[in-house]
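So, here's a batch of structures to check.
Both complexes shown next keep chain A, but they swap its partner, so chain B is in the first and chain C is in the second.
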Partner chain A sequence: MTTVAASSSKSMEQALFGKPTKAKSIERVVFWMFRLATYFVLLCAAVIFVDIFYKGGKTVFQSEFPFVNLEFLSESPQTLHVFEHEGQQYELSDTKFREFKETIDETIVTETYAYSGGGIWPCIVGTLLLVLGAMLIALTLGVLSAIFLSEYSRPGKILNAVRLSILNLAGVPSIVFGIFGMGMFVLAFGWNVSLIAGWFTLAFMVLPIVISASEESMRAIPQGLRDASLALGATKWTTIRTNVLPYAMPGILTSSIIGVARVAGETAPIMFTAAYALRDQLPWQGLEHWYDFFFQGVMALPYHIYVVSAKIPQNEFTSRMQYGTAFVFLFIVAGIALASILMRIRMRKKYRW
Partner chain B sequence: MPVMEDRLENKTRMDATNVESPPDEKNRSLIKISDFDFFYGDKQALFDINMDIAEKEVTAFIGPSGCGKSTLLRCINRMNDLIEIARIGRGDVRVNGVDIYDPRVDATVLRKRVGMVFQKSNPFPKSIYENVVYGLRIQGISKKSVLDDAVEKCLKGAALWEEVSDRLDTSGLSLSGGQQQRLCIARALAVEPDILLMDEPCSALDPVATAKVEELIHSLKNDYTIVIVTHNMQQAARVSDRTAFFYMGKLIEMNATDQMFMSPNNEQTEAYISGRFG
Partner chain C sequence: MSDQDPDSRYDLGSRQRSFLGLTKESALKGLFGGNAFVSILVLGLITFFLFKEGAGFFGQYREDLTTYRNSGLEYVELMREEQDALSALNRYLNSIRTLQSEQLSASGLEFRDVKAILRKDEAFFYDFEDLAYPLREHILEANEIVATARDSYNEMLDLQEHQQNLLKAGREDEAQNLTIPEVDLEMMFSLVKEKEVEFLAINRQLESGMPKLLDRAPEYDDSELSLKLARFKELASMFILEIPDYELKVVSWNRAESVSLGDAFTSFVFGKEWVTNSSIQDWYGIVPLFSGSLLVAFIAMCFAIPFGVGAAVYVNQVANPIEQNLIKPYIEFISAIPSVVIGFFGIAVFGTLLRTVSGWDALGWIEFFPLSERLTGFTAGCLLALMAIPTIFTLAEDALNNVPLAFREASMAMGSTKLQTIVRIIIPTALSGIISAVLLGFGRVIGETMVVLLCAGNRIEIPQISKGVGVFFEPVHTMTGIIAQELGEVVNGSLHYRALFVVGLTLFLISLLINYFAQKIVIKFQISRG
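So, the complex of A and B:
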């Protein structure tokens, strides 16, 4: 009996300390594959971000007080004048150049670069306005239809068809939305290139995200809460209002806002519907009636990046503009996403089950 | 069968403390179910149910899983309306003489009169206070004094007041399982129903919490008509005045609980009660 025990303990030792099994080796290889894939993705992201932050940072920040290039953030895009005067190199935007010319007598020969001076303030304003409006429209339409789909509609063929078409909507390329928006809102409705046309076009683009996120958030609410409310004599709508929507809201808002932030980066849907390459006036300036505001076209960051990188001759001065704009744009989009995440954390704390 | 005797003894003791005479003759019928057939889609869930549920008594529905006892319970306050494929084949359910499936009946009003407590305790993720007054708030009652009174009365009624009176602002979800279930009962009491339906209210509770809820059921029957679905035969024996045994969607036998457990008329009932199947 003892010999058997001894030999079995020996083989046990061999098994435990011996060569790694085949399964174990495969496990190692696979594990490293996963790890390397992750590192590769991280590396790509890091390269993109470092590049934009480094080059864009040079445009947005400066070494002297106030350390932020206020001109870049607060001016409209202008022509840049580059010239030498009394042995000094000057790079001045159009307005500054005119002021400078007043102070001296002689005529100056300059090299001019379109769009490379001034700043991007109108683009920031335009993008923020577009995001806000699109979010409002998309949330209203999206949440209302999600309530219908998840709480009221009868399951069946029609509902499946509706869901399928909403999913398909998510797969439509953005340029198609752009063309649709132009045909529908700009031309057929006669809204011209305007904020409101851009809002609806962008809103339709995010609708699939908003609807599916809202539906999912509502379906995640335990059925028991609805039952309890109904059993106390509440109507369906009261139940939804008091026991479904409040608890689903954090999920709905976060997903929707992130969706909108993503769509805000699209150039195609706004290039035919809302964006101008250059517009000096902000949308609220020079209006006859307050409602004319909705029908003003705006400049927007993604379209501006497209214009300065594809529509004008390239040189070192335009490249500064491109990176600076990209930097600000990334910053805004990240800010929106961050705000929505903070909001979710706050709301989640309030409602737990 | 020593266990059985023990159970019955227990039951007699409980009855002894409750001075009332056998409820059979005294109490009038409050819920009357006649020739009731019920379907989920094409599948028939209930077959030709006929029963009377007496006022201010505890009626227990027992039977193996899938026998239709919960389905019938949910027919009494029309919670089955929420299931798309559910439909009534034949017959009616009358509460206090009114056919509750009459198209003119507003199910939300019915549910105020016929409260329900669920298998899984489901307090709202709100404060204890707000949980209790929810049913009042949705009726538009917002007067502080009325709500305060209701909270105290209902929590006392549900034997929970002593335990939570100093922390009404904390979340209902911070309570233990048994407390949560009693909170759900308090919440149901707040709308002042005549009938309380309980769908396996103790199935997720430990024995101590179960005992408390059972005690509560006992005290509630002075004011409410209670219908309780339970998997647990001892529980049926302990808390109910009358017991209905269901099998395969049919009502096999309904009788005073004592009689049912002591000398069931039907073979199937006997087999189930003595634990030979189910």
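So, the complex of A and C:
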């Protein structure tokens, strides 16, 4: 401002006729710096996306029909056997290698690589199960609590304190929920590493987010709508059902989708509560009782990425597996997140009070 | 919100049928209220559980430290301090010898000739090494005794507990059959204490022997070598002067001094070592982990603040609407990349890339380049920055968006440029929001687990600030990382398990504090928009 104030009519002329003033030149430089900073961030993220989609794509897709590597998507992780037979290079997963061995007589010397063959089907199933169960718990508890907090509870100091603590809990690191779940569900309740322990841990992790976001969207609805409904003689529940929930629904849905993305993407809470590094059976196989289903550990995509990238020796064969898993995982989580972002953009346009 | 229930006489709802004395309305209210109650209860339970498990740590740690003192391990450790100083001297002396042999080989002499020259002053080096021998033997012997005593004492405690459990379970005859060895720590320690005279004698020997030996030190023509040797002599005479201090510490050490709860607490909060599964003594000091977390977070924030806030200002104030509509969802989208994927990228690509870049000739002038490690605090910090940027960006952009348009218009009407408006009007107005955005970004970084676990290198060591910028390129360990790494292998209820809970509790409190301040700042410095 001082520059402009100090400038006389001479610089005014300059401003009008082409040659920029000093302030303008500085502005251009600074704006370019901002622009570069922004695009640099976008570029960094793009590098990650491209790297994972390009290298992972090689594992997940193939050039011949059916273009998708079905073995990778439908098998469980196995040891990879690499060997030469009659002048030909073979890379076979454990089951296929056994079949192959039946067909020939001679013994074959192979190099084996753990976790590098087969696919990731159990991990996909495990992640889906974890997300479904955790969201069922979190949404039931969360949305109903939000209705109570927003519509029934009396405003006052207690309510504010409750709101504040819920909001604060939303920022607690996921590993803290992990250690809590381990101590509480796995050890104190004796559930061991199991689906149900993972469900509750993940559900409690997203519960604060679901409650505060749902309540927010309900409180954003103008009071007039409720008053009008009550004035017409509707009961409280009818009012909520017809005049609050329909308008709050998009907000609740968005918050729940954010919750899904978070539940699917987190590794730390399930490391000790639900995830196995390797399990031969799928969750519905080999159950003695129906309730055993809940008390079994599962494989999960994020934990599998951690295991194959940090716990086993690295080579070109494991690297293929790593990128393939990361691709599928990123694809799922990013897809969910994209849906929530698009929905939020649409919703912003739809309801304006 | 209508809080007063309408007078029941006019309440249409009261005509509803009721079931078990509950109308549909009140049943629904009860359902919602019940859920809210459960939710709040659960969230309170988490806090309570963390505190409960964590609080047990200090009592247990105190007992552990008491055993450490009573068994005399602490006493032996005090003697070992002297030994360590002596070994450090010896190492320094050997480095001189290594340097000499390197110099000789570099000057083009045959291996045999080098050896011959080195052999000339061999006696001095060997004698110096022998000087340390009696002390080492003495400590080894003492350590043997106290460590055995400690182990059998712990075993006795375990057996006693087992017996108590058996008695509780009503299996008395089994309990009777248990033979529990009596371990008298004091008696065992007195065996060591008796030999204190020997320790003192060894020290006298050192005090008299070392100066004599130093007089026999070889002389070098080379300036570097003689400089180093002079420095060695200086260090050695300093050591001789320090011997009485070491001795005093050992002699005045009091076995009977009790370990208070406060000692256990300070040993955790200010403890410089985190050592687990050690044969001598496990230490649970949070300082290396806490400083590691802070270091990584600091590196991350160095990148995340300029880029995050810069991008927010650009998108909100400078960019055209098309850019806005593309960049905003894109950056929000970045926050959806799971942390384990970013960590994996760090291991597979970024760490290697950093090391390759550090090996470039153009960067040779930086003293700590090329890097020896692939995974360092810097690797993790850079990746964490990318995770914090969306948080900072979204919240800061919101804050900028909330600045009333009139402020901007007024400033522009006064003839200021866009940049002047941004720097003088808009950013100061939105500052509280931006600060809270930065705080929440920091909270996200310090609580992040997978990236640091995969990429920070996981070496438990306090970062040496004296190294300057080079400290950023050292492997570190973090609070989140240690929980993730060690929780899988601990025994339920053990000291180690509880120690990890206290680390988790610390993280919990830090994140609560950050959130609390972030909210306070927004409320306190809110601008009046009147």
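Operating definition for what follows: the second predicted complex is superposed on the first by the 306 of 353 C-alpha atoms of A that agree within 3 Å, B and C clash if a C-alpha of one lies under 4 Å from a C-alpha of the other, contacts with A are read in each partner's own complex, and residues count from 1 in each chain.
Note that a residue touches a chain if its C-beta (ideal position, glycine included) is under 8 Å from a C-beta of that chain, and two chains touch if they have at least 3 such contacts.
Being a predicted model, the structure only gives us computed values, none of them experimental.
When the shared chain is aligned, chain B comes close enough to touch A:Ala231, but chain C does not.
Contact with neither chain B nor chain C is seen for A:Ile108 once the two complexes are overlaid on the shared chain. Set against each other, chain B and chain C differ in how many residues of chain A they touch, and the higher count belongs to C. After overlaying the two complexes on the shared chain, residue contacts for A:Tyr247 are found with chain B alone; chain C is out of touch. Once the two complexes are laid over each other on the shared chain, residue contacts for A:Tyr306 go to chain C alone; chain B is not touched. In the superposed model, A:Val68 makes contact with neither chain B nor chain C. Of the two partner chains placed by superposition, chain B and chain C are both touched by A:Arg154.
In the superposition on chain A, A:Leu278 makes contact with neither chain B nor chain C. Contact with neither chain B nor chain C is seen for A:Leu287 once the two complexes are overlaid on the shared chain.
Once chain A of one complex is fitted onto chain A of the other, the partner contacts of A:Pro222 are limited to chain B, with no touch recorded for chain C.
The interface of chain A with chain B overlaps its interface with chain C at residues 154-155, 227, 230, 233, 235. Chain C makes touch with chain A in their complex at residues 1-3, 12-13, 24-25, 28-29, 31-33, 35-36, 38-40, 42-43, 45-46, 49-50, 53, 306-308, 310-311, 313-315, 318-319, 327, 329-345, 347-349, 386, 389, 393, 411, 414-420, 424, 440, 443-444, 446-450, 453-454, 480, 483-484, 487-488, 492, 500-501, 504, 507-508, 511-512, 514-516, 519. Interface residues of chain A, counted against chain C in their complex, comprise 1, 3-5, 23-24, 26-27, 30-31, 33-35, 37-38, 40-42, 44-45, 48, 51-52, 140-142, 144-145, 147-149, 151-155, 162, 164-180, 182-184, 187, 204, 207-208, 211, 223, 226-227, 230, 233, 235-237, 261, 264-268, 271-272, 302, 305-306, 309-310, 319, 322-323, 326, 329-330, 333-334, 336-338, 341-342, 345.
Interface of chain B with chain A (complex): residues 77, 79, 82, 84, 108-109, 111-112, 115-116, 118, 120, 122-125, 134-135, 138-139, 171, 173, 184, 187-188, 190-191. Contact residues on chain A toward chain B in their complex (touch as defined above): 154-155, 222, 224-225, 227-235, 238, 242-243, 247, 351-353.
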